[in-house]
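What follows are several structures.
Both complexes below contain subunit A, partnered by subunit B and then by subunit C.
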Partner chain A sequence: MASFEETGPRIPVVVSTRVDKIHPISRLSRTIRAIAVVVVALILLLPVVAMGITAFKSRNAVVSVPPSLIPVPNGDVLRVEANELKRDTGEISIARNFFAPTLEGFVFLLTERAQAGPARAAELRTQAQEGQLSIFDQIALDNGQEILGPSDYVARLRNSLIIAGISTIVSVVLGLFAAYAFSRFRIPGESDLLFFILSTRMLPPVVVTIPLFLMYRQLNLHDTHFGMILLYTVFNLSLSVWLLKGFIDEIPKEYEEAALVDGYSRLQAFVKVVLPQAVGGIAATTVFCLIFAWNEYAFALMLTSDTARTAPPSIATMLGRGGIEWSAIAAGSLGFLIPVVIVTFALRKYLLRGVTFGAIRK
Partner chain B sequence: MSNITLQGITKTFRDVTALSKVSFEVEDGEFFVLLGPTGAGKTTTLRIISGLERQDEGTVSFDGEDVSDLPPADRDVAFVFQQYSLYPTMSVYDNLAFPLRSPLRNMPEPEIKTRVENAAETLRIGHLLERKTAKLSGGEMQRVAIGRAIVRTPRIYVMDEPLSNLDAKLRESLRVDLQHLQKTQRSTTLFVTHDQIEALTMADRIGVLCQGEIVQIGTPEDIYDRPASTFVAELVGTPHINLVEARRDDGAIFIKDSQVRMSATNGGKLPPSFLLGVRPEDVQPSTSGEYSGKIALTEPLGAETIVHIRSGDQDFLSLIAGMTDLKLGDEVKFNIALDRLHFFDSKSGNRIS
Partner chain C sequence: MSSANLTASSGRRINRLSDRAIKNLFIWPTLILLIVMNVFPLFYSLYLSFTDYSAIARVAPRWIDFANFVDVLNNEQLWRYFATTGRFAFLSVGLQMVLGFGLAMLVREKFAGSGIVTTLILIPMMLSSVVVGLFWKLMYNPTFGYLNFLLGLSNPATSPDWLASRVANIPVPGLALWSVVFVDVWMWSPFVMLLALSGLNAIPDYLYEAAAIDRASSWFQFRRITLPQVAPLMLIAVLFRTIEAFKSFDLVMGMTGGGPGDQTEVIAVNLYRLAFTQWDTGFSSAVAYIILIIIIAISNLYIKYLNQMRDG
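Moving on to the complex of A and B:
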């Protein structure tokens, strides 16, 4: 009997020692590729950075030319002085790019305010001197306004979270079962069914909004959470079935067969053997579904008005009200960005594998 | 352990017939090998027995109980797959424990631990238990796969070419291990292979499959010494059997395109023309040999040598013990063991006894 020493390398060889991979030209090209990636990443990040900076600017700083980019306490005063200096003497100072970070944008975003009359303003100012005003009331007062109550932004964001979250979970779970069935069983008319599922994605949303609007009104689904969850689930199902089928096709069916003869039912084998191997695909699909449901604008605009209104249409409508509060819009977009960033970041480990293997590769 | 009875199993995939009326029995505690070339339906037979595939016709019974309608889990068959099929997300320990953790068995964790450790010790993989399966070598993987089958005491074992993905040396050692294991446990084992050496060395009985049909069932001696057809005769034995066209003339047998002419002992029963099979070990060069030929090639293998002897236009393979001084082109005399000739019908290929 052979000993185990003869049965092969104990430690897998993981570091490439291929000559062509350590050749100087290969190394140089790797460096160039890395630089290119960094440049592209910077270009893509630029709007996000601009948005982040804008969210913390005062009204004047938002529209100042040249753009103020450097947060400095007391920066607004310094910038005005520097601009006057430029006008009077032509001397250019770095201070022209200063701005003072402020929470003004967030206050505008999160509160309903009214113009305070002269009498009320004086009253508030006394309160302020006695230290009775919160920092937010103070900011509003600086703009001659009084806070009346919270705005509906938080409610909109909560709607977005509920609708996008639940519809993502439902479409991934349903998609997983459907994809497994398509992948493993002989289904009559399999390719027709798959095409039919895909075809739900072929019409642009705008085309179906009118009929949907009428249907939803008839069924009392208009402006309900359930209606929006249903809609986004249906839209995401095609994506999740197709993506997940690709991932599950790649898991050899021999594993489940081994589990079946080892004494497990089909469902138990699916849970214990298939699911752990499909984690990458599930993560990738989850992120894709979430991003669609989270960003969706056209349906939300048409089919919701208040109770179930999501963040995208509500941020857009801020543009219309009176003067454009750029900092409030930037603050709103920033808040809107955070949940998706968190989810994507949490799943990033699976994502890289998920998008490079699986359905997309084919 | 149980016995297995297959009765009239037929299976078609679309319009391809994979198995046609396959019937055989495996006794309790028997090591039964299904031998056949690729595509003969060996794996399909195993899948039907284990319940992974449903037969179109016929019945599978264990101990006389018809299990044809039972799902795989309830048949209690341990399957060793050709591709090992170790669960990649689990450690070796969890792989071995997996069948025991089945809700059907409901086994307490301490007992699982004892059983896994015993199985690991039997297969000498005790030191690997904490490893992920992806970090094992081929031989280790196959041991784990076998371990996963022996941790529980199933009604039967089925093994689908478990050794074919290993290198020759490892295959030999695992072959010995498997046989040892089967003999000590007296387990009913159905083993599938296309390797005739595995079949001959391991089997209590062999069933030869050809294009979905059983062509012969018998002990290794039966299969080797009394092949039922030219197909079986050519399938077993290395070097392969000498199969030549021959004709009978009264009591004498003439081999086509050669000067070999022998007196037939049972010449009366033979048709005028037929196929003659001679195992290479039954052709021996000898100074007092009856027939003469020329050495066309010698292949020394160490313990034995294959000598190609050309007589007329026919080449005869001869297997002789040890090394030889014979050189290419040497004139040589040789004998053929007349009592060990095989006769086959020249059309059907079936044995004429």
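Moving on to the complex of A and C:
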């Protein structure tokens, strides 16, 4: 009689299939579901796409009715012709939805311009013919303008970068220390302290800002980079402590204990054993802090006015000025959108942890 | 181990910081920052809420006992703004739960590319809410906005002007609030989906298999297996989103600034106005404290459930 080794299946059976799951109807419903998901995702992303399109429209194309949706070289001319055709003969052509993609919005957003007088315009035009003008100067010239220099918005972007960058680094470093202590040592009133740290995050910014505003005014921190860095650091600390504590909790204590037995000091064990294990978590925390500081609006609105003003409140005030430059706003928004999209994909494994302060990990 | 190594390690032991010292060293910088930037300001504003201080007047704060709080309680306008906030929170959190859960059920079963699609759906919640508000303002524009065009309501004479609460120039109260709710739902349903999805993925398959063997209907399976298993996470989502809805400021500022009239004036926006355009610092501190108490109450619940999740 042959043994099982000779007759049994070569590949062990480890997967069982539920018969009801491979039934044609079940398969069909799965396909339908997949299609539905894709359709829903596309609908959800329509506004984002619309913003992306708007960023590349000229000033006239933004306010055209019906909204122009299809980028076509020379599209602005075709659209105007199609609209005239509609007015004269009632004939409706797809060209009414054309627009010519341009970088006008970006030029408006990033540069300070002045109307070029006839003499100056002619001068610029000869320069353009000789190929001496950059593409941005060219776009400004097409609108009869001359670029004088970078706009305020460039300075605001720089502020955003400085404030977000430094506050993130400080809050991740401090958060790492605190998280390690919370994770590894017995701290009296630990859960109360953790609650207190998180509760600062739950309050509406306005509530916190009223006293902070007075405090900052007294200390001359209003509208300073230092003041904003300090504030964002504290606000990000709650997130970084909670997130990092979760990550450090997952590193087995035994590793450090082994290192301690081997003669490492606590500090060495922290640097050489815990930190390398927590790199993924630290990176995720860093990005979440960066995104928060990058997106933050309310504090910046109330505690800065010019020197330290960041990009989000200044994008919003662009609307307030005369002649709403929707394409410039769209271009600015696109600048906010792109990093966020990249981050969302890079962090998708950690998104759930990030948005629930590390409490839910699956 | 050589003896040299042993000497080195015992030499280190002398300089070594005790665990206690390290604990303090690690924790105090964070605590000090939080005390200076959070505890102190909150006590300061508690004091201010009992005064008639105005940040632009060059007059020292005058103690007026509970007058501010009495004013708040008697201020009908303010309670209307609280009610608007409550309505906004109720509508948007409610819709987010339904849509978020629906989305989670949809993307629950994996298919080729489902990871990418799920991540795409999550993009809105990562965006800056003031920027979201601005670009939805463009979407909603009655003449050249995309929304009316996509809905086939391109005739300017009859199409709705969403953010002005008007349809064909006839006021429709509440339209603006619904429009803001809609954007909040667009932005945050993915968050609820993410939470619900993690709950759904944690349900062991054998529960469904056992139910299938018992010939339980899919409705029964949904009601008796899916819902109870996801409920704790949905509760967390409700609490979290309610807190956030009470805070909402950026989105409303970006879209309507509280208008038209005061139809979308949520409490955070009104508080901003009280504190930073009317400079009624004492009174606004009192309002802030009332908001603070409401939010602390909700977030206490929230954190209690979070801790249960961590331990469970």
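Brief remarks on what is shown
The working rule: the second predicted complex is superposed on the first by the 256 of 362 C-alpha atoms of A that agree within 3 Å, B and C clash if a C-alpha of one lies under 4 Å from a C-alpha of the other, contacts with A are read in each partner's own complex, and residues count from 1 in each chain.
By definition in this document, a contact is a pair of C-beta atoms (placed from the backbone, for glycine too) under 8 Å apart; a residue touches a chain by one contact, two chains touch by 3 or more.
Being a predicted model, the structure only gives us computed values, none of them experimental.
Judged by the touch definition given at the top, the superposed model places A:Ala258 against subunit B, while subunit C stays out of reach.
When both complexes are overlaid on chain A, the residue A:Leu237 reaches subunit C alone and has no touch with subunit B. With both structures placed on the common chain, the touch criterion links A:Ala330 to subunit C but leaves subunit B unconnected. Using the contact criterion defined above for the overlaid structures, shared-chain residue A:Val62 touches subunit C, although it does not reach subunit B. Contact with subunit B, but none with subunit C, is seen for A:Val273 once the two complexes are overlaid on the shared chain. Looking at the superposition, the partner that touches the larger set of subunit A residues, subunit B or subunit C, turns out to be C. Where the contact sets of subunit A with subunit B and with subunit C meet, they give residues 263, 265.
Contact residues on subunit A toward subunit C in their complex (touch as defined above): 18, 20, 30, 33-34, 36-38, 40-41, 44-48, 50-51, 54, 62-67, 69, 174-175, 177-178, 180-182, 185, 187, 191, 193, 195-200, 202-215, 217, 230-231, 233-234, 237, 241, 263, 265-267, 270, 291, 294-298, 301-302, 312-313, 315-316, 319, 326, 329-330, 332-333, 336-337, 340-341, 343-345, 348, 351-352, 355-357, 359-360, 362. Residues 1-2, 4, 6-12, 252, 254-255, 257-265, 268, 272-273, 276-277 of subunit A are the ones touching subunit B in the complex. Touching subunit A in their complex are the following residues of subunit C: 5, 8-9, 12-13, 15-17, 19, 22-23, 25-27, 29-31, 33-34, 37-38, 40-42, 44-45, 48, 55, 103, 106-107, 109, 111-112, 114-115, 117-131, 133-139, 143-146, 149-150, 154, 156, 186, 190-191, 194-195, 198, 201-202, 209, 212, 233, 236, 240, 243, 246-247, 249-250, 253-254, 268, 271-272, 275-276, 281, 284-285, 288-289, 291-292, 295-296, 299-300, 302-303, 306-307, 309-310. Of all the residues in subunit B, the ones that touch subunit A in their complex are 50-52, 71-73, 75-79, 81, 83, 85, 87-89, 98-99, 102-105, 124, 127, 134-135, 137-140, 148, 169-170, 172-173, 176-177.
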